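Two complexes, one shared chain (subunit A), two partners (subunit B, subunit C).
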Partner chain A sequence: MKIPYYPGCTLNTFAKGFDSSARQSAQTLGFELSELKQWNCCGAAFPLTPDNVMGLTAPAKVLANASKDGAEVMTLCSVCYNVLKRTNKVIRDHRERRRVINGFIEEDYDGSLSVIHYLEVLRDKIGFDKVTAAVKRPLKGVKTACYYGCMLLRPFEDMGIDKAEAPVIFEDLMKSLGAEPVEFPNKIECCGAHLAMNNEDVVTRLSGNVMKSAVGMGADIIVTSCPLCQYNLEKSQARVEAETPGYKGVPIVYFTQLLGYALGQDVEGLGFGESKWDARELLKGKVTA
Partner chain B sequence: MPRIGVFVCQCGNNIAATVDTKKVAGEMSKLPGVVYTCDYKFMCSSPGQEMLRNAIKDNKLDSIIVSACSPHMHEKTFRKAAEAAGLNPYKCEITNIREQCSWVHHDSTKKAGTIKSIDLTRMTIERLKKNKPLKKIKIPVKKRGLVIGGGIAGIQAALDMADGGIEVVLVEKEPSIGGNMARLSETFPTMDCSQCILTPKMVEAELHENITLYTYSEIVKVEGYIGNFRVQIRKKARYVNEDLCTGCGECIEKCPFKTESAFEMGLAKRKVIYTPFPQSVPNIPVRDAPNCPKIQKDKCGACALVCGPKCIDFKQVDKIVTEEFGAIVVATGYQLMPNERFGEYGYGRIKDVINGMQFERLASSSGPTGGEIRRPSDGRVPQSVVFIQCVGSRDEKKGVSYCSKVCCMYTAKHTMLYSHKVHGGQSYVFYMDIRSGGKRYEEFVRRAIERDGAMYLRGRVSRVYEKDGKVVVQGADTLSGSQVEIEADMVVLATAIVSRDGADSLAQKLGIGCDKYKFYNEYHPKLRPVETVTAGIFLAGTCMGPMDIPDSVAQGSAAASKALALFSASEMTREPITALVNKTTCNACWDCVIACPYSAIEKDGVKNRQGTVVRRLAKVNDGVCQGCGVCVAACRSKSIDLAGYTDEQVFAAINAF
Partner chain C sequence: MIKLSNDDIKSSVVQRIERISGEDFKKCYQCGNCSGGCPVSYAMDVQPHQVMRMLQLGRVDEVMNANSIWVCVGCLQCYSRCPKGCSVASALEGLRQIHLRRSEEAQKVSEIPVAFLKKAPQQAIVCGFRKLVS
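Let's turn to the complex of A and B:
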């Protein structure tokens, strides 16, 4: 099975490990990520005013190109997923805006693509039971905090991947790998997002709340599907550690990295970056196989 | 030649200011057939009516026109006056020269208004010339009432009708009557025990000589019209012979299998053969067939062994009965919005997050904990409880836009019950506003706050999660402008009151309307609050929207009194403005049958002497026909006319313009 794949800029640069671990895991599970022939940046933010059509042109171009490669397009980055899925809906549902957008990008795209996430492929096309069957190194005893953030789930009437207020898709995946997901209250809270650029204090506070609540509930490791969350959490963790008595940092990784590890891939190929909180050590210590 | 009289009203200055009424009368007197005309200040006044009566007699008029206000106002008045003077009331017609003429003209020279009044009156004269005398339709009334739904509203309606001497059938879909009120512990604002005030009424309904209870039953089909409904009712198999059962309860006692109790809302289990609660009426057990091993795989059968009167019947099947009624009261009540929709509050995931009705069961002395407040997860007595109001109510995005009306009150009640039962326990209430309109209601809420120490926090809750055996509630206190986090032992959600599943399909069977939330529509929200657009069908209680017990009971009585008024005569009269089929030209295309919004047209046949149908044709049921005229427009062979509004009359009026 070949699935048209939109990596997005971050996975091509900053989050290479997310990309490579996803591709390898796909192979093990019997499907292939076939990168779109032509793609550009998704714009990285969905415009919040309905008349900002300009902000929709970049993702529209991605979608228009993707529609030439197949009936669906899959992404990994939560932000890309959010922007593409919502833009697609606008193009599909609003005739007038569709006309203006197509005019700008010189395409004739109607919104018929279905925009899906890697997690959905695992859940709906492969099946978590099949994933379990393929596991070589069960993540027994690894207490994972599944951090959804905002972009994957909200607004829920547009995203629809899972219940916005009580999602389970991440936890279900982690269970299928043998890990023990822990419930923590901040799992769908914001990390601070783009404020990383101009207000580090806010980001540290919000990301800190996420990490403290996860670790407080006993998590060994935090998994995410968003490069921005990963960046914000990782970057804030040193300060949180310094300022919070008793807080000890944990690795913050992409879910595909744990997936790849459980499926038995070589640890070094999974793109765990250099980090003070190294997932490899944790996994080595916990998982013996 | 007809002898027509024309009476032009000035309506004080309402008409006379822009219409020269004398001139209108004068012009009309020139028309052939018009033998009498006059104008007068107030035709509807007593002297005006007397003048009209005398003019009819003195001039031997055979038909009259009153050019005055809208027929909605005084058509009845003038037709009565005409009848008193010996005319057929349908030989009296009204020309509307006020709402549709004088009021829309401002010209003080009266030119336009007068010309228009002359035109309108002339048209009516030509129309009137074709009027045929009509007779009021009399339809017999079956003096039996049907009440659908045996909650407090339905019970009250049934009792009132029965006390009025009318035979009543009360159909309830559950094994017992009582409805939601049977679940409540104590009731605001007087704090009397719900069971104590409800069960006497349930028993009275059971024992009343004029009431027949059909519990565990449902409506299959409703046909007919006011005074003459034919209703099919399915009596579902109880697998227990109702006539023999003494209600001893041996079978329940000995039944070895348990399953979730719907009545206790997941807080307790019940046997597979069961009554929903100890005071059930009737006290006859029902078998939950899908969960009964005897029915499913022919195992067990313990109940049959212990039943003294041998009334266990594993072969019983549903029975359908057809009965006739003159009026129907619908009182099918409400249910709570499924809380699973609110993931942020953890309902369904966190055991100690419950809804208001579950709290009622915990507080009820007949409930699963015997009236002690114990939390579902570990049975401990919670030392702090957070109540969250408006869960789903007033929330267009995720729930419903309306206010559920009773939750502010029952939440205050819950805090009181809690503080009375758990001394030293602290309750917190997150609210949007406190809505306590009602007699002694505001005082009740103040008491909860001031005497019983409930802590009211104005704001919404963003998240509820579990931590170390506690339920942590994060929310905002908008009065102090701060974020609050409360580590509670239990959380109670005041979930929105919504219509019953299946409310819309019942509405379809009955031919009544419902709003977008599937609450039934009253005829007029202020002036006809318990009637529906379908004559003879009345509404009571929460099937119309959220309300409390006093309102539900008042409506039950109101609906009953409407039905009793209908039953007060053995026949009822109806306006004869109904569709008429021309039997010679109808070619049985059935377009009218499809077109009629009231299903008033039947496919009929003409039989020869041998009784075989030789021709098919449409037949209008006078009792159902509302005279809307849709069929007249639909009929391609022009075989249907509307009495009082025949094509001949309408074209005569148009041609006179």
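Let's turn to the complex of A and C:
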């Protein structure tokens, strides 16, 4: 099974490990990520005002190109998923805005694509039971905090991947790998997002709240599907450690890296970056297979 | 004391902000769920529910000068929990757009730390430019 795949800018550069571990895992599970022939940046932010039609042109171009490669397009990055899925809905449901966008990008796209996330492929097309059957290194005893953040879930009526307030898709995947997901109150809270550019205090506080809440509930590792969440959390962690008595940092990784590890891939090929909080150490210590 | 007048409440400026943001400010009945759930309300000088109230009352200048416009991260927790379906995030983005269209930006490109540009994921840079730079 070939699935048209939109990597987005960040997975081609900053988050290569997210991309490579996802591709390898797909192969092990019997499907292939077929990268779109032509793609550009999605714009990294869905315009929150209907007035800003110009902000929809970049993702619309991605969708129009993707529609030439198949009936669906899959993403890994939560932000790309959010921007493409919401833009697609606007094009499908608003005739006037569709006309303006198509006129600008010189396409005739109608919004008929289905925009899906890798997690949905695992849940709906492969099945978590099949994932379990392919596990070679069960993540026994690894307490994972599944950090959803904002973009995978909100707004619910547009995203619909799972319940907005109490999602379980991430936890179900982790359970299928043999890990023990821990519940923590901040799993759907924001990391600080683009304020990384000009407001370190806010980012440290928000990311710190997420990490302290996860580690406080016993997490060994935090799992995400968003490169910006990964960056904000990891970057804030040294300061959070220094300012929070008793807080000890944990690795912040992409879910596909744990998936790849559980499926038996070589740990050095999973793209864990150099970090003070090294997931490899944790996994070697916890998982014996 | 606040003086209210129909001229302020029904001003064309408020109507313009409503048109840009796509929000009907009159829908808000001030329950405060948005401010309760907002992860950055602690850093805002005007709280999310107060933004809506000020826009209802036509107190545009106070809202336009609030740091809330630039602190909002757009996480949509406010919208997600609003019983009336209001999006304070959209209202604030409308105000942000008015500033940016006037070249009133929150971040000068020349002052973005080089370390950030070198190390941050592309999406942070692109998104930051769209939200903070005109």
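FYI, the second predicted complex is superposed on the first by the 289 of 289 C-alpha atoms of A that agree within 3 Å, B and C clash if a C-alpha of one lies under 4 Å from a C-alpha of the other, contacts with A are read in each partner's own complex, and residues count from 1 in each chain.
The rule is short, and it goes like this: a contact is a pair of C-beta atoms (placed from the backbone, for glycine too) under 8 Å apart; a residue touches a chain by one contact, two chains touch by 3 or more.
Computed from a predicted structure; not experimentally measured.
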In the superposition, subunit B vs subunit C on subunit A residues touched: C
Which superposed partner A:195 touches (first subunit B, second subunit C, both, neither): second
Partner chain(s) touched by A:154 [first = subunit B, second = subunit C, both, neither]: second
Which superposed partner A:166 touches (first subunit B, second subunit C, both, neither): first
Which superposed partner A:41 touches (first subunit B, second subunit C, both, neither): second
Partner chain in contact with A:104 - subunit B first, subunit C second, else both or neither: neither
Subunit B/subunit C common contact set on subunit A: 164-165
Contacting residues of subunit B [partner subunit A, same complex]: 342-344, 346, 349, 463, 465-467, 472, 474
Complex contact set, residues of subunit A against subunit C: 8-10, 13-15, 41, 43-45, 47-52, 55, 77, 79, 150, 154-156, 164-165, 189-190, 192-199, 201-202, 205-206, 209, 227-228, 230-231
Subunit C residues within the subunit A interface of the complex: 19-22, 39-40, 42-43, 71, 73-77, 79-80, 87, 89-90, 93-94, 97, 106-107, 112, 116, 119-128, 130-132
Subunit A - residues contacting subunit B, complex: 163-167, 183-185, 216-217
